[in-house]
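This report refers to the structure that appears directly beneath it.
Labels run A, B, C and D following the written order; every chain starts at residue 1.
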Amino acid sequence: MPDKREKRLIALLSGPDRRGIVARLSGWIFERGGNIIHADQHRDREEGIFFQRIEWDSMSGDLEAETSAFRKYASELGMEAWVALPDHLPAFAILVSRFTHCFHDLIQRWRAGEFRCRLACVVSNHEVVRGDCEHYGIPFFHVPVPEGGKEEAEARQLDVLGREKLDFVVMARYMQVLSPRFLERIGCPVINIHHSFLPAFVGGKPYHQAHTRGVKLIGATAHYATPVLDDGPIIHQDVVRVSHRHGVPDLIRKGRDIEKIVLSQAIAWQLEHRILVYGRKTVVFD
Amino acid sequence: MPDKREKRLIALLSGPDRRGIVARLSGWIFERGGNIIHADQHRDREEGIFFQRIEWDSMSGDLEAETSAFRKYASELGMEAWVALPDHLPAFAILVSRFTHCFHDLIQRWRAGEFRCRLACVVSNHEVVRGDCEHYGIPFFHVPVPEGGKEEAEARQLDVLGREKLDFVVMARYMQVLSPRFLERIGCPVINIHHSFLPAFVGGKPYHQAHTRGVKLIGATAHYATPVLDDGPIIHQDVVRVSHRHGVPDLIRKGRDIEKIVLSQAIAWQLEHRILVYGRKTVVFD
Amino acid sequence: MPDKREKRLIALLSGPDRRGIVARLSGWIFERGGNIIHADQHRDREEGIFFQRIEWDSMSGDLEAETSAFRKYASELGMEAWVALPDHLPAFAILVSRFTHCFHDLIQRWRAGEFRCRLACVVSNHEVVRGDCEHYGIPFFHVPVPEGGKEEAEARQLDVLGREKLDFVVMARYMQVLSPRFLERIGCPVINIHHSFLPAFVGGKPYHQAHTRGVKLIGATAHYATPVLDDGPIIHQDVVRVSHRHGVPDLIRKGRDIEKIVLSQAIAWQLEHRILVYGRKTVVFD
Amino acid sequence: MPDKREKRLIALLSGPDRRGIVARLSGWIFERGGNIIHADQHRDREEGIFFQRIEWDSMSGDLEAETSAFRKYASELGMEAWVALPDHLPAFAILVSRFTHCFHDLIQRWRAGEFRCRLACVVSNHEVVRGDCEHYGIPFFHVPVPEGGKEEAEARQLDVLGREKLDFVVMARYMQVLSPRFLERIGCPVINIHHSFLPAFVGGKPYHQAHTRGVKLIGATAHYATPVLDDGPIIHQDVVRVSHRHGVPDLIRKGRDIEKIVLSQAIAWQLEHRILVYGRKTVVFD
């Protein structure tokens, strides 16, 4: 079976659960000459919602028309469908402040081809990564956020980020809270890495909070940013063991490694169209 | 959507990969009024094999006929199919020697209803768990394996185990190597727990081997027993951290916990019909 | 070097940090013919407190006098010292309700000799483990806690538990909150297992809370019970990965395994005199 | 207590176990006005060897004399001692080939100040990291290893590496086997990262080996290079879960993350003088 990667379509669907959905969707694809490579489903029985991710090889010569027809068919079944086209190379931007470990980790993964995407630009309220961005050939924009100047700064950020169609934005330890207005206007998902095991230690200085409480594990959480701080749908989490020996600087150092792992995994899933959000939760078809 | 558990069918299929398999199988189920609850697939591209697990609610009044028809249809697609009937309560037996932590762990899980199955009997070459079996109301058979008396002992074991139709047998730290002849004649899968991260430390005294090598993690491996010692298809593995502080007795003690976790998880998957074996490997649809 | 286990002393010390403490304590032991087997220290630099655990083989014929002299010397250095005598077999009691997985896990470990201690008795507000206690030969006391009858029930519990000198009490998923008065009068540490990663999901039904929040890891926390619910010093924590596939019953089932692991590890450390409490934190010399 | 970091000494000792060692060493330090900050010990009872790591603040104005006296005293006790001076900034070199994820990870950690050391140079049999080394200001040497030209290449490597006193060398996925002659002449420890859980999958293409065997976890091992391939004393290991879904490229991708974590942790311990080697094992005082 030849791998016709150029024709691979990936659909994410959700809607009210009903009998026969799995068979109908795969039947539709089959009748049009498609070959299902992988299909995964989930039912939230409490909410009565059905979720599906389907990957298939399409024989169609006109993929735009094909996805349009697919969405129409899904809609007749009461489902919302989103389809990724194979020749679309996703684009994302990075927001970063002074802690640059996640930034460097993402950049090296991106340079190594681990992420199949375009890195549109890097925006920072500091100058620390300008030199590296120039070395790596990534557009860099310095947008300072002075005391009381957040609204203006966000306007500039929106201006810079709005120059191209972004698929998502990554807050790689960007230490400013984004306003509800920004999140509304950015028009694409924003992935944040919070340096604690949410919902423990919401807000500022979570490693200090963790140290004060005397926990034996510290965590990191990748989630979609929402207007409520550190409350958005969780994509991925991980923890690492600590002990009484570890002071706050040790927690910060140990935490860096899980922040990098958790954030990069969330981005990989985002790029592979594996995440469906509903309410405050995510379905991750990994 | 009412949960008609009594009509839930689970099929495991494998065969040569070909276009349209996913759609055809789900179409067949749909046409006969079935509703697919979950379906998972895997392709081994090197070997060109397709694997699927489908769970569906059947409307059929005659499930025997339904599964028979399903197997026939699968066979026309070149697939081998195995179907679990909802009213079949699986039965298994435990082989155990003198280290009884896995035995006790399994028994308590079984008593708590964690495993939906019947525990047909316990067979041991020692007497240590007789009293507990009697307390728990589980048939116990003492089959000693004296030096040079293995063939005879295995004949007795086969006799005892053959009194009922077993779905699988569990070696819960049974410290005797089962002969190829036994494995052939037992007629059902045999799951073994090996106290190392296979393929490291095959054979006897793996914790001693691990200590000698100075590893920093020790492991446990649940696998299907085959005629080649510790070489069968791996179902599940886990590890736990150790250090220079841990002598062999510490490794044994720490290892007990992962042996229990790994073996009980393998049994849970076996009971939920999540494991397909091919060659020296497993597909675990978890 | 012969292993004179019968003469092994273990001291836990804490007090204001000052120069020379390590050398002075080891010098004192050496001068009296003792041989230090292991010594571990910790400094909380923010609080200026020094902690130490010393294990040594004493040559003294009168260990009571020896430990008394040791405590006196430590006190001259400004330290509080606690010394475990080798011929003291610790005793503990278990409180349990209807979820018995931790109870069974502890019992099997205790029966297997994993814990070097005496199990004084089991107290439950239900009858479910009476039969097992009788089989295992463990004194069982049924103390129901009817609506509004908690004070009386706690009086009976204190009466039962007070019949022997307990070193600690274990709440093995005991589903009643112990009153401050009980904790004060019991006169020994009480170890609780909470079925979440504290401080996330304090209070009742933490698995339901975790499911609602959509976390990707669930946890368990062993801590000392204090008058403030789920707020006591944390001894040990662990987590296990979950996904959108796992409903509340799955979280409960998966959580059982980490509850058992975390609670049994906390008890092992308690028995080996590895835990020092200060404020809301613990030092665990593992 | 002021933190006199400039006077902090760290000693690693090993030798035949005997009574009173802990007390004698701490007594010696105390008598000379030193204050022990942390001391950790280990006994290998089978081999009768005692190991210790002591960190203390010395009052001495002449640290060279002090360490010399300490080593002399240790030698009288039959111990070999190694002492790190506070004003010595360790230097190391990196060997790297075409897989550069470990290289980039180490460089970013080093740039962020995570490693307190000097990066003397990078030596590679390829040109791929030359541009990055120049950007970061790190001396880069290209030493190709043509078929049959290994001896000559190693001579050049030794020449380049011998220009300064190195404390250790790191093989950051350097894909050439170093000859016994090289290891002997380099005159410092060489830390290698092997991309499997040793001793499973020694030698080439371990991810392919792991895939063929169907393991459910893959690992990485940091160890000291010895003349026997992948057989040296293990410093650190970790694993990550894989499934039937993961082909060899997935194992390679997932493995990169644990390779980075494991190698960087080993280097951190090396820099903090936490590792003692004996025979084929390590004691890691973490």
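In this section, a contact is a pair of C-beta atoms (placed from the backbone, for glycine too) under 8 Å apart; a residue touches a chain by one contact, two chains touch by 3 or more.
No experiment lies behind these values; they were computed from the predicted model shown.
Q: Return the chain pair with more inter-chain C-beta contacts, choosing between B-C and A-C.
A: Of B-C and A-C, more C-beta pairs in contact link A-C.
Q: Taking each chain's centre as the mean of its Cα atoms, which chain lies farthest from chain A?
A: C
Q: Report the inter-chain centroid distance for chain B and chain C in whole angstrom, where each centroid is the mean of the CA atoms.
A: A distance of 36 Å separates the two centres.
Q: Just how far, in Å, is the C-alpha centre of chain C from the one of chain A?
A: Taking the mean C-alpha position of each chain, the two centres sit 42 Å apart.
Q: Could you list the positions in chain B whose residues touch two or more of the other chains?
A: Residues: none.
Q: Where on chain B is chain A touching in the complex?
A: Where chain B meets chain A, its residues are 1, 17-20, 22-24, 26-27, 29-30, 35-41, 43, 48.
Q: Could you please specify the touching residues of chain D with respect to chain A in the complex?
A: My answer: residues 100-101, 104-105, 108, 112, 114, 132, 135, 253, 257, 261.
Q: Tell me, which parts of chain D touch chain B in their complex?
A: 42, 44-45, 197-201, 212-217, 219, 233-239, 243-245, 247, 280-284, 286
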